[in-house]
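The following pair of complexes shares a single chain, subunit A, combined with subunit B in the former and subunit C in the latter.
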Partner chain A sequence: MFTWTRESGSGRPRKMTSNNKEKASRRSASQWAVAWRRFKRNKPGVIGLTMVIILFLFPLFEFAFTQLGWIFPARPDPAAYTFFYEIPPKIRQPPSLENLFKQPFRFTGIFGTTSIGSDVLSDMIHAAKYTLYVGILVTAITMALSVAVGATAGFFGGWVDNVLMRIAEVFLVFPSLLLILVFVRIFTLTVGEPFWTIPPFNIQIPTGLTIVIVVVAIFNWGSNARMIRGEFLRIRELEFVEAERALGAGNGRIIFRHILPNVLSSVIVVSSLTIAYAILLEAAVSFLGFGDVNTITWGQILQENFGDARVVWWAEFFPGLAILFSVFAFNLLGDGLSDALNPRLRE
Partner chain B sequence: MAMALDRIRHLSLKNIAKYFVHGLAFSILFLVLSFVWVFVSAFFTTIGGIIGFIIGLVLLFLLVGFANSLVTSYLWFEVRYGFWDLFIHGFVLFAILFVVNIAITVVAASVISGIAATLVAFVIGSFVEGFVGRQVASWWSEKYAAQTTLKRFLGSSMFRYIARRLLYMIPLFIGISIISFFIMYAAGDPINIIKVGRPQITQETLDALREYYGLDKPIPIQYINWLSNLVQGNFGKSLYGGRPVNLLIGNWFWETVKLQLVSVLLAFFIAIPIGVNSAKKQYSKQDIAVTSVSLFGVSMPTFWLGLLLIILFSFNLGWLPSEGAYGRPYLWWGNPILDEIAHLILPVTVLVYVMLAQNVRLIRANMLEILRSDYILSARASGLSERTIIYKYALKNAISPVITYLGVSLGAIIAGAPMTEYTFNWPGLGRRFVDAATRLDFPVVMGITMIITVMTLVANLIVDISYVYMDPRIRLR
Partner chain C sequence: MPESILTVEGLKTYFFTEAGVVQAVDGISFNLRKGESLGLVGESGSGKTVSALSVLRIVPRPGKIIEGKIEFNGHNLLKKTEEEMRKIRGNEIAIIFQDPSSSLNPVYTIETQLKDVITAHQTQPREQAREKVMELLKLVGIPDPETRMMEYPHQFSGGMKQRVAIARALALEPKLLFADEPTTNLDVTIQAQVLGLLNDLKKKLGMSLVMISHDMGIIAEMTARIVVLYAGRVCEIARTNDLFEQPRHPYTAALLEAVPRLDMRKTLQVIPGNIPNLIEPPSGCRFHPRCEYSQDICAKKVPTLEQVGPDHFVACHMWQKITLKGERASHE
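And then the complex of A and B:
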């Protein structure tokens, strides 16, 4: 077992054997490997990552759960309302801990039923995919916008910077939740089809939810753009950029090949926090009654049962817990990533 | 401490009587002078329209300043009588007394009723007027610099800083107003909203409505009309009920302010000891508990926390009201004031928990950084007690970022109110905004958006200015 290393001074590689003591400490590692090693030591970050992975398992195995009969099918299907069609129709509360293992164990019903008689657990598992859809798509759009604006403003400076930052400030000063509510309401009035179907796999994309996502993304890029602009301003003054320019590199090459990789760690950290924020915001929009009524999200379940909260408290408790779980997961992950990727910021 | 003691010693029986006399004399003088002023300003307003009105306003401030200067120079010390001195003096005093008098009257009227309330309000009001009047007048007393106040202010770097910030606000304001205005056109013709659900409506009615709301003119003209109305305080009429929007907002605004003010103050003052203690013992059990609970608070959906509290404390235990700001006709705890407090408890708890989480994280992080700095080390070396070091030297620098954060997040705080206000059915700005947005009542939506945004802008400005006073290390650019 041996590795090739380059000795300082001579250009010739020297063969090193495994009994060389310096081997372990000299082993080269990429920036990402170092970050991963640092991340693994950070207990909250690892817990966050585990929670995020658990979150991704639900949409992955949703189909399997439904086929196995562990949960009921998704909402428009009449079979989803099984409890309601029981005779006599009945709203069920979750079983107490003693009763849970007395009768033959079933997943359905352990979180009770909603006020219209569908199973809370099934609804929550079907809604998990939309939560992740919201979080990821909002973050993708927001980050694309803010990287574009922040990079342009930070790199070119001058009047471009001034104009772009004034525009960003307009979006920062606005109370975004209020505008999101109005615009979501206006645009959802004009929705025709509740779902777009993408042919090859028959994937159904909810139209109303996508409108919510786009509006949320458009009103939230301001602060991220500012942060990225700051990073660009800092890095473009460094010597290696000057060296690259002296070698004759154009603006595009400097931005994409040299500055952007340096900003990438900040972008990743902020993305994770933005996912958490987007999930929270979408839940709020749905809870206030502006969400997509054709799609079942956690916030939507809260909204549907809000009026009957005195009776069906469990239909408010468990979906809210799921929102808290996912937001907490992404926040923990973001904190862990920020410790691992930006060691400068650590105490 | 010494200054506070001076203040207390200053309040001898003789001085209290003097303050009372000051307030009384000021009131009488103001009453007599304002009797004249009513006629003069009415004359100017009929002659000169808006310009005449402004002249009348200037006269009012001059008059207030003059009355107070006169009383002060007889009772206490000499005061300068220049035009700008009197004007600024009058303006400041008028603004303070306006708020203070309303507050005293409202509080007195809510505690006791009838003629006694008026009497008590008069006595307390006179004393407060005298006290405030002397304080304000002392800024224009002869012992202050030889320069006039205005000249001193205009020459300062502070003035240039404020002027630049105000200039920066102009494009911001234009952008905000454009977006606020085009909310109405985001879905095409706003008249179509009226048509939804009313198939029997005729074209003539639609045209009449279009003319009534001024929607028949070209869009840029509409925008300019809207903006010029807005600057004059005219926000248009609600599409539902036709009541003027500024009156509606005026009613809702105070409910939101009441809720938010209580929670912001509570969150601020509770956060200080918690943040300081957990920074003092970094990585102790207490610190780890505090940080994880506050990370939890950052991730918490506010509305869900509110729901849980409602389910527990009002549905199951029946201790507290579940919705609204007032319990009429049934009063909680049997008294109007206790009733309001009972209604405040749950929403304030929710808001405080969320804000507390942010504030504690900020204070802890700042405190950790400051406790490692050199000046704290030298304070320790000179043998000061730990309490003095932390609360007198370190805290001052640790708090200023929190105040900045509060100012910057004012918009977010008020914009986050819809969630809490909706959960508790609180009759504030946020709850009404949700209603208005649901039925697309454009004038109300536009009005509330503009008010909140402008308030955020002004709060940012005030925070930036006060930051300069709090932290002398900051240079004005």
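And then the complex of A and C:
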């Protein structure tokens, strides 16, 4: 097979000989290029990545569909049971595709309606952004904490390591779900405004949900910190670290410039898995009725309709499927990344 | 006699492990003259590497320099602050390590790593740094440096990696270079190339070189003077020729006998026993349990370095009473 390329300097497309091809592949053989090539061959990983991309498209869909009137706008106050999309409200409608063939064209009703007449599909699409918000923010906080703690413990060792790891273990042995529920309830009681508005684009940040996120993150950094500590311990002993020290590099430079980039691949893999876990945990918290009642999340939909589950099974089934989809997506992606970035682990 | 660039006096570096205090380096003294190449020889665990790391003050935990004096260019390095030491490392004293496979950071290109060293110590514009990197790679004999400097360590062979490691060590033109078994992990032909390169560079740049090895052949090839270490102490210091011709310490003689040779049909002599446990080292002369000439005094009194000839020192109670065969003699 021949590939056409433009050699720098010659300015003229040239047929690649095997020799040139080898050179080109050599030049782009950074760790990331190699990992990407390996990742592309991994089917489950690619499927996971596709699913994740679809998830990230949902906020876009949400905006477009709402503007087009294909789905109902977000419920302003889902707790208040005063708002109905349609008058008279179509309550407990089983899933049907009939709205697709009617004028005006709508997606509504595909997943049925609930006992208060809200449309399951519309709610689910509005909730997708919060799922990503939960997954990403929990992971960001968790990873920031665990990289800071793990790097310090692993690099400095000795009593610093001992103290930090004992603290991490305290968080590991706690029955975390129970404590998360307690703390979420305590902090949610103190919430005044249901939303913070961030000035430039008037982005609405749900206060209660953010509290859930912070609490979940604080109870989850332990195991990741241990993993990163282990990586730091391993890489700290490699000869290039000693060589850098012998060339006059200080601790800061060794940690940030030399060890951290080597740990990055593991951090990425664990991040992906942490996102999946965080989504699941938030759904659990919401389902148990400790979530943010002002924000509609998939777990929240499950909770709202739990009492009627025998009748409106679709209001439980489809949000549950969505949670499964997103957890599955990030887990597949994480596995694929781990195969691509740490092939050693699989050998 | 040219003046000394490095004088080590009574250096003691101990490792405080959970099992006890390991006396890895226990009172080593030697000196290195300007432009000289000195060999540090001994079995594994004799304190060669730890001595080198002590000079740079990068002994890994739980190791600690207990006492001694390390004078480099007239300054006592043990009195310097960490900040001052960092300026000396790489700039004045550099070291090449044993294992080229892990001595380069796998996530950066060769260019980035070398540039890093250059720009970290000197404020040079990036352009000039690039030129300098190319020059360095050319110096250590890497073909096609413009292309190869954009590659990652895993794209280099072991010998090439070691050349890059040498280039990195030489980037700031240090006055003193430690080569810690630089060829142990390379195959023989590459070994010869790398040693030849080191010799050339030493002459070209006028560095002083401390060659650390357990390979007597390499040491004979590369150095003018040899310090023989055993279990953290100095046994013998002599000019290379003198040492090979007339070793005065039984350990030196045993080391020479343990060198395999192709041109002689002779069974290889093994030194009986192992290097002692350095948490509870043998009393007196540390070599006495393995020494065929040992007497009562050897277990009681620590021998001091005595001058036995021009530039020839030995730490042995028995040296006057025994005659040892040199390398040449022993094979005839």
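Note that the second predicted complex is superposed on the first by the 290 of 347 C-alpha atoms of A that agree within 3 Å, B and C clash if a C-alpha of one lies under 4 Å from a C-alpha of the other, contacts with A are read in each partner's own complex, and residues count from 1 in each chain.
One rule holds in what follows: a contact is a pair of C-beta atoms (placed from the backbone, for glycine too) under 8 Å apart; a residue touches a chain by one contact, two chains touch by 3 or more.
Owing to the predicted nature of the structure, the values given are computational and were not obtained by experimental measurement.
On the shared subunit subunit A, the superposed partners subunit B and subunit C are arranged side by side without overlap.
Looking at the superposed arrangement, the partner reaching more residues of subunit A, out of subunit B and subunit C, is B. When the shared chain is aligned, subunit B comes close enough to touch A:309, but subunit C does not. Once the two complexes are overlaid on the shared chain, A:202 sits clear of subunit B and of subunit C alike.
Once the two complexes are laid over each other on the shared chain, residue contacts for A:261 go to subunit C alone; subunit B is not touched. Look at A:103: by the touch rule set out above, it reaches neither subunit B nor subunit C.
For the pair subunit B and subunit C, the minimum alpha-carbon spacing after aligning on chain A is 11 Å.
Residue overlap on subunit A between the subunit B contacts of one complex and the subunit C contacts of the other is empty. Across the interface of their complex, subunit A is touched by residues 171-172, 175-176, 179, 183, 186-187, 196, 295-296, 298-304, 307-308, 310-311, 315, 368, 411-412, 414-416, 418-419, 422, 433-434, 437-438, 440, 445, 448-449, 452-453, 456-457, 460 of subunit B. The residues of subunit C lying in touch with subunit A in their complex are 56, 58, 60-61, 86-91, 94-95, 97-99, 102-109, 116-117, 120-121, 147, 150-152, 154-155, 165, 168-169, 172.
Considering their complex, residues 166-167, 169-170, 173-179, 181-183, 185-187, 189-190, 276, 280, 283-284, 287-290, 302, 306, 309-310, 313, 316-317, 320, 323-324, 327-328, 331-332, 335, 347 of subunit A touch subunit B.
On the subunit A side of its complex with subunit C, the touching residues are 23, 26-27, 29-31, 157-158, 238-240, 242-250, 253, 257-258, 261-262, 264.
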